[in-house]
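Okay, so chain A shows up in both of these, paired with chain B first and chain C after.
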Partner chain A sequence: MARQAGELFEEFQELTASEFFRKNKQMLGFSGKIRSLTVVFHEFITNSFDAAEEAGILPEIKIDLKRVDKDHYILKHIDNGPGIPEDFITRVFCTMFAGSKFRNIQSRGQQGLGCSGCVLLSQMTTGKPAKIISGYTENGKLKGVQMILKMDVKTNMGLILDKKEVEVKETGVCVELHFKDVSYSLSEQGAYEYIRRTIIANPHAKITFRDPTGRKYIFNRATEIIPPLPKEVLPHPKGVTADDLIFMAKHTDKRRFRSLLTSSLSRMSTKRVNEIEEKTGIDLNKRPKDMKWEEAEKIVDLFSKMEFMAPPTSGLIPIGFDQIEKGLIEILQPEFVTATTRKPVTYKGGVAFIIESAIAYGGEAGRIVGDQRKAEIMRFANRVPLTFDQGSCAITEALKSIDWKRYGIKDLENAPITVFVNIVSTNVPYLSTGKQSVAPEPEILHEVRQSSMKVARKLQKYLRAKKAAKEEEMRSKIFETYVPIILKEAAALAETGIPEYEHVLAKVTRRAKAELLGEVVDE
Partner chain B sequence: MNKKEIAANKLKSLGTNIIEEVSQNKVPYIKVPSRGTSNILYDENKRHYILGDRYGKRSLGNVKQIKKIAQMVYMANFCKDLVEREKTATLRELYYVSEGWDVDFGDQQESNIIGEDLEVTLGMTREDLGLMPEEDGASVYGKLKLLEGDIEIDAMRAGKSGYTISPTIDEVEFVEHDVKRVIAVETMGMFHRMVQEEAYKKFETLVVGLKGQAARATRRFLKRVNEELKIPVYICNDGDPWGFHIAMVIISGSAKLAHVNHQLATPDAKYLGVTASDIINYDLPTDPLKDIDVLRLKELLKDPRYRDDVWITEIKKMLKINKKAEQQSFSKYGLEYVVDTYFPEKLESME
Partner chain C sequence: MARQAGELFEEFQELTASEFFRKNKQMLGFSGKIRSLTVVFHEFITNSFDAAEEAGILPEIKIDLKRVDKDHYILKHIDNGPGIPEDFITRVFCTMFAGSKFRNIQSRGQQGLGCSGCVLLSQMTTGKPAKIISGYTENGKLKGVQMILKMDVKTNMGLILDKKEVEVKETGVCVELHFKDVSYSLSEQGAYEYIRRTIIANPHAKITFRDPTGRKYIFNRATEIIPPLPKEVLPHPKGVTADDLIFMAKHTDKRRFRSLLTSSLSRMSTKRVNEIEEKTGIDLNKRPKDMKWEEAEKIVDLFSKMEFMAPPTSGLIPIGFDQIEKGLIEILQPEFVTATTRKPVTYKGGVAFIIESAIAYGGEAGRIVGDQRKAEIMRFANRVPLTFDQGSCAITEALKSIDWKRYGIKDLENAPITVFVNIVSTNVPYLSTGKQSVAPEPEILHEVRQSSMKVARKLQKYLRAKKAAKEEEMRSKIFETYVPIILKEAAALAETGIPEYEHVLAKVTRRAKAELLGEVVDE
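On to the complex of A and B.
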């Protein structure tokens, strides 16, 4: 017998965020054993960096990964940040979407699910609770607290199993989590490579990492400069959607839509607002909460046809070419390195971005395949390494479109080269939910090409000079080899003795060198 | 001065120039006449190819040229030693000898080229410098006596295959002869036919079996016979562009050896046949021309060596009838026909 709708809906229940992600963990990036572990590293490292930088501390992280069984690991992550006050610990580690709000700011965080996502993964795969120690200052005093936590997915809240005060030496957070269904790998997508690349793009940080075999890697910082904190900038009209406008309208304290527009969007003058009112026929003096979807749509549609000043770029903080060079030198010890930071430009007419490119040659640049070093591309978005979905990424596409032969690199694939590209933006256009590849906006492709070609030209200059020096050495060697032979044989032919030839030898060597340097040769 | 002394002197002067320049603190160089196609000219008076007066300078001060200079002086020393000791070596032997030198050659091709450089620079043939080709020359049958060292050779008593022209033909002296002409034929088949039919007796001729493209020694032999014994040289090859050209290289020399053609070309030698006219007149069995034959014939029409009216007529005629014929095709009328009928008729018309 057919069941009634009411009966069916008795089983209908709302999912909390935690419960939803428990069922769809791939949406947090936890797909595949290697990738899952890389995402965990990413979340903790990013959080530690952000916290330290906000507190004006040079980040230092210690990571210890132990393997207890085939794919059962224990991760211990310790940072030197400001710590988390006791009351906030459960929110940070056990609540999904904590602190989520509409912010137009350049940030490392990609999903905003952060640490709580990792705790969820740990709990789902091992059933074990998380152990957190937080050291923080309160009223000028250093305090330490240790908590054993579990996440209650039904309520999206933390359950404190145990709590005690502990003694700490300094501020910072120590997290200890168990994981199964993850795998530590040295491949490009693995956790180790993630750390290595992170340090290159964050040369002000120090990471000490002990891998499951007990081997300790120390990635030292190459600079003592803490990058300035990105400032929140108002979104540009060309970068917003109707949904964004409605969201703003709901959360604003402004009383008229007119003032909401000028205060929430950049480059929005009174003149422009009047223009919008005139062209759309919408009364902008009404209250923001009364804004209808159709009206928002109409306004956004008009934005795309209007002309605005380019968006402000003050919110963009590039790494800086000199800092990138330092990072590459520290990690790759290359024979040659050069980097460049482009001026800010926009894509889609309203989203500002900056491209930074660098190239490292020789030393430990490139990727070892067999017994040969091959070229590697390191992609970053706001200093965060992108290690998956390389093929579909705009950065890869732009780099592949460059004719490297023109820059003296006959075969890019097989050259000991690391190409570094970082895109800095408040709104990096990702291709997919994994947020690992950048969409091929024409302006982004253009900027990546231009900046990479600039560094390639510098590399070419270096390679040329190196070749010339080698040639010079070869040339003088040729004369030193053949002049005596020729004179010995010529003397035998002429049936006479070998004359003094040092003068002629010096002359030809000198002349060949001048010729090589493009100087005029006087007879 | 004989050739040997000239060769030894020229080789010595190559070394003397270098030593003198260096003694004056100058950077020595060697002038090597250019062998590029633009420097190979057809000399209408001499009726063979010659080298023009363009040359390249090989300077001791040039990184790319200094090794070649070293190779040249090394090879010059080796040749001088050969000439003085009256020995010869093949190019292959030279290449292996060079393995023990302070300069090396990448391959034999490289050493052959340096050998040619030395030839053009000194204006001597490589045989003059003691360097011999690998292959023997043609076979000679007929009343000719030669002296090689202290051994007398009779080209009538060297077996049915005749006397084989040695690469060192310049060392050989003509002692005695009783012939009025030389007939050189392309194939050994025809050579043996002529020996069997006693053509040497009938026509009072030397029979020379070229074995295809004539070797340098063969060409040198024909030139010497023509000039020293003052007897006419006739060439009988297949009636196709390739046969024509084998004859023409004997007559006017090749572009590749432009620097030594004055010692190799026999401008007075005559092409007896097989011509396009012969194909028609004797109604010879034929093959149709292949595309490559047609192409080659058209090339010959543009070649300055074929400027003679008779050649132009014959080439055009062959293109018109679109047929070619081999020497042996006369056998259609019996094995003896070529000696009994063809040669007498042709020789009569040409002399």
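On to the complex of A and C.
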């Protein structure tokens, strides 16, 4: 009765990436109606930002979300980036695993799945094609093209239903897509909140958003400074695996392994290479393609024991504490705000990262639950808001481990506070496939704690000063009212004249205030 | 200063699936050393089971895990399945998205990522090729071939380093792979526990496992019955989307949409099709490829309002309560065991599923923590153990919502109990991309509760009977000792003879026991 192998393989087939993700859309983050729409916003916004910044343009995005019917929306997303040359449009929007961001660079976008994933979701839920208008410069001339596209999932390629030249006023991309089975929500995980947080972490960007009720929100930029472009950084020796070395060796044009090492890794001088040669006994003058796995492994093993300078940090572009403060003020109009940017450090011995923390108090800080303002935590990785899987994230863990009472916040949960944390790295160690939570590397936990405690101390000082000012006002009123009377009565009793007391009174008041603030007064 | 679009697209490229997953191995479940190795075991075991069962063979697997060095292992996995024909070997092991399981069928395996994912991990961590021996029957003749393979990630294809005919004694596949950066652990999430749970849910399988210390575990089969092969079931109208209909219409050889509907969907009679035609006003005699999206949507919309018979359940093969009991007895040797298999029901209006629950008490049930036995929950989906993301799973949620005290279990956490739950469905609604937790659909929560409460009631009865037997023994001892004395003294006092009391004494004891058990005694 046993069947032969051949019969079982009659239905053997190969799927394209599009076919695979059509059956596994949750792997693209498309699970749940609210989350699916937030992911769509995320993909287009990050792509627009990355493109504009790479071209040296201050990003400006116009988003229009129309509700056609229950759970049926039309999204129009317009940016002012450099546009997409005609030849690349179908691949950007209709081919999965195609993209220009496969370098060791700090970037927001994912890996060639963003735009095409959104087109796939649109097509799967509405059957409607995508409408793309691209304005771009070619040989100094502004060109405009409009395409109506479908994705052919069987081939992972775009089908052009219609194409024409159009007149455009400037460069940029306009995407128009239909979606069903998604839902717009004002909740913490919804699309609106995603935009709000994005603007806080990207104060150089402007977003105009018309929501499904027709209400128009304008998120103005708080600064005109385009963040410097992160440089592509050579991998640090502590961060490479034997597989990486072999992969590099296979695809290099260098003639000797020695020069491959110095040209492909950071902190790798000729002196270090000689040291490696000596300690491993491997002839590094051999051709890269002759490098054996065992040798690569021996070298990586030595790397882990050698001391190297920390990786160059020119690849890391923090937002900057002053820019974060501007962003928070613009959006939250808080009573008090402070931010800090830590120095670059490394985790796992060789991956550089920077932590930035900020705290905003009062005004629109915190989130409204019922009729109360509660604390909110805003997590970011390379300026991108992380809105899901909060519980398992290193940022949340580190913040929860802080004893907030020490900083004068008796009940963090119920305080009108926004705590902001951004991790900057070319390799953010995400915990989950959805890239929504950061792994609890000890160094990351430590940095988040340190930077957040620093801003907490500043908030404490502000809150103390506020309290002190109030108390001082009351106290000095008491002194000012009663001291003269007491002195007068005492003088009368002692039958002497009233002494000069103004100077002493001022000194006492000053000392009382300093005490409240926990400061030392020079007398 | 703005850069032109063309420059930005100079580095535009397309990745293969292998290149993509090389950079995103966590999407294949490879995150963490313990989990990575468990996922490898999972992929090979499920593939071996599926293949053997499809061929009508009782699965037998031999696994040998050698530790070469810290975190460096060699895995040898041998099965007795039908083998893989020579022409398919490279694609099965070296091409991602290739496979034979893309049907609407209840199966354990993933979608063409399992074996090739393991080869990728092996290659990435050790640089070693895979060694595959396949024995298979071709035209009634047993053939054997051995291949040494590498995966070329740039092309997503296999490179054959060496190939030769070998002599084999029977059909089956032997895989030998090296792994580094993985770790063998006896913990709940480790490879050993994965095998133990697998055998409980697959009592027809035999696994011999030699662990890295050289200790050999033999998990014998508790039954010789091969589970019936699940049939491929046509999708239920309530489960299809407009996109599915259009997709079917595009790839059918039917001439009319009418016959496409009756032949592609379950519960779709000519009568129902006429009803659809009437209610939608769509001419269903048109050619499938002329079907418009709006029409497909109209039909799906109507489906959601129509009443259909539940989907056929021939596609669902539960383990069966008797087989589960056998599996639990074989592995846990419990003092008491009971299992139940519920009737098929549906969630989301049209997706059929079956819940099976079991409870084992005493013996090796529960897990040892320190020197105490604590309760353990074993979750399964289509007989595959779910070992991660326990917290967010519907099975855990439903079990936690049960008031165990009502069933005589005062402290579930600290009881020597194993609770077993298996969900059987062609479409298990997984919560996460890792397929490790089940979404809390209300119908699923309800079924898990009902079936688990049923086995809990049986355990309660057993525990009561056990207690009653003990108390009855004590009670009857008291009666037997004192009643004769009392009667004798009373008789002497009343100056009469001693009456026949044995009959009355037995009756009293019987009633006392029934009372303890909560039963009614016919007198």
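Assume the second predicted complex is superposed on the first by the 428 of 523 C-alpha atoms of A that agree within 3 Å, B and C clash if a C-alpha of one lies under 4 Å from a C-alpha of the other, contacts with A are read in each partner's own complex, and residues count from 1 in each chain.
Rule of thumb we're sticking to: contacts are C-beta pairs under 8 Å (C-beta built on N, C-alpha and C of every residue); 3 or more make two chains touch, one makes a residue touch a chain.
These numbers come from a predicted model, not from an experiment.
In the superposed model, A:Q333 makes contact with neither chain B nor chain C. When the two complexes are overlaid on their common chain A, residue A:S263 makes contact with neither chain B nor chain C.
In the superposition on chain A, A:A51 makes contact with chain C only, not with chain B. Of the two partner chains, chain B is the only one that A:Y482 touches; chain C does not reach it. By the document's definition of touching, neither partner reaches A:T155: not chain B, not chain C.
Of the two partner chains placed by the overlay, only chain C lies in contact with A:T137; chain B stays clear of it.
When the two complexes are overlaid, the chain among chain B and chain C that reaches more residues of chain A is C. Touch criterion met: A:A492 reaches chain B, while chain C stays clear of it. Of the two partner chains placed by superposition, only chain B is touched by A:R511; chain C is not. Put simply, chain B touches chain A in their complex at residues 11-12, 14-16, 18-19, 22-23, 25-28, 60-63, 66-67, 69-70, 73-74, 76-77, 80, 102-103. On the chain A side of its complex with chain B, the touching residues are 475, 478-479, 482-483, 485-487, 489-496, 498-501, 503-504, 507-508, 511-512.
Of all the residues in chain C, the ones that touch chain A in their complex are 1-6, 8-17, 19-20, 23-24, 26-27, 31, 51, 54-57, 82-85, 88, 91, 95, 97-100, 102-103, 111-112, 123-128, 136-138, 171, 241-243, 246, 293, 296-297, 430-434.
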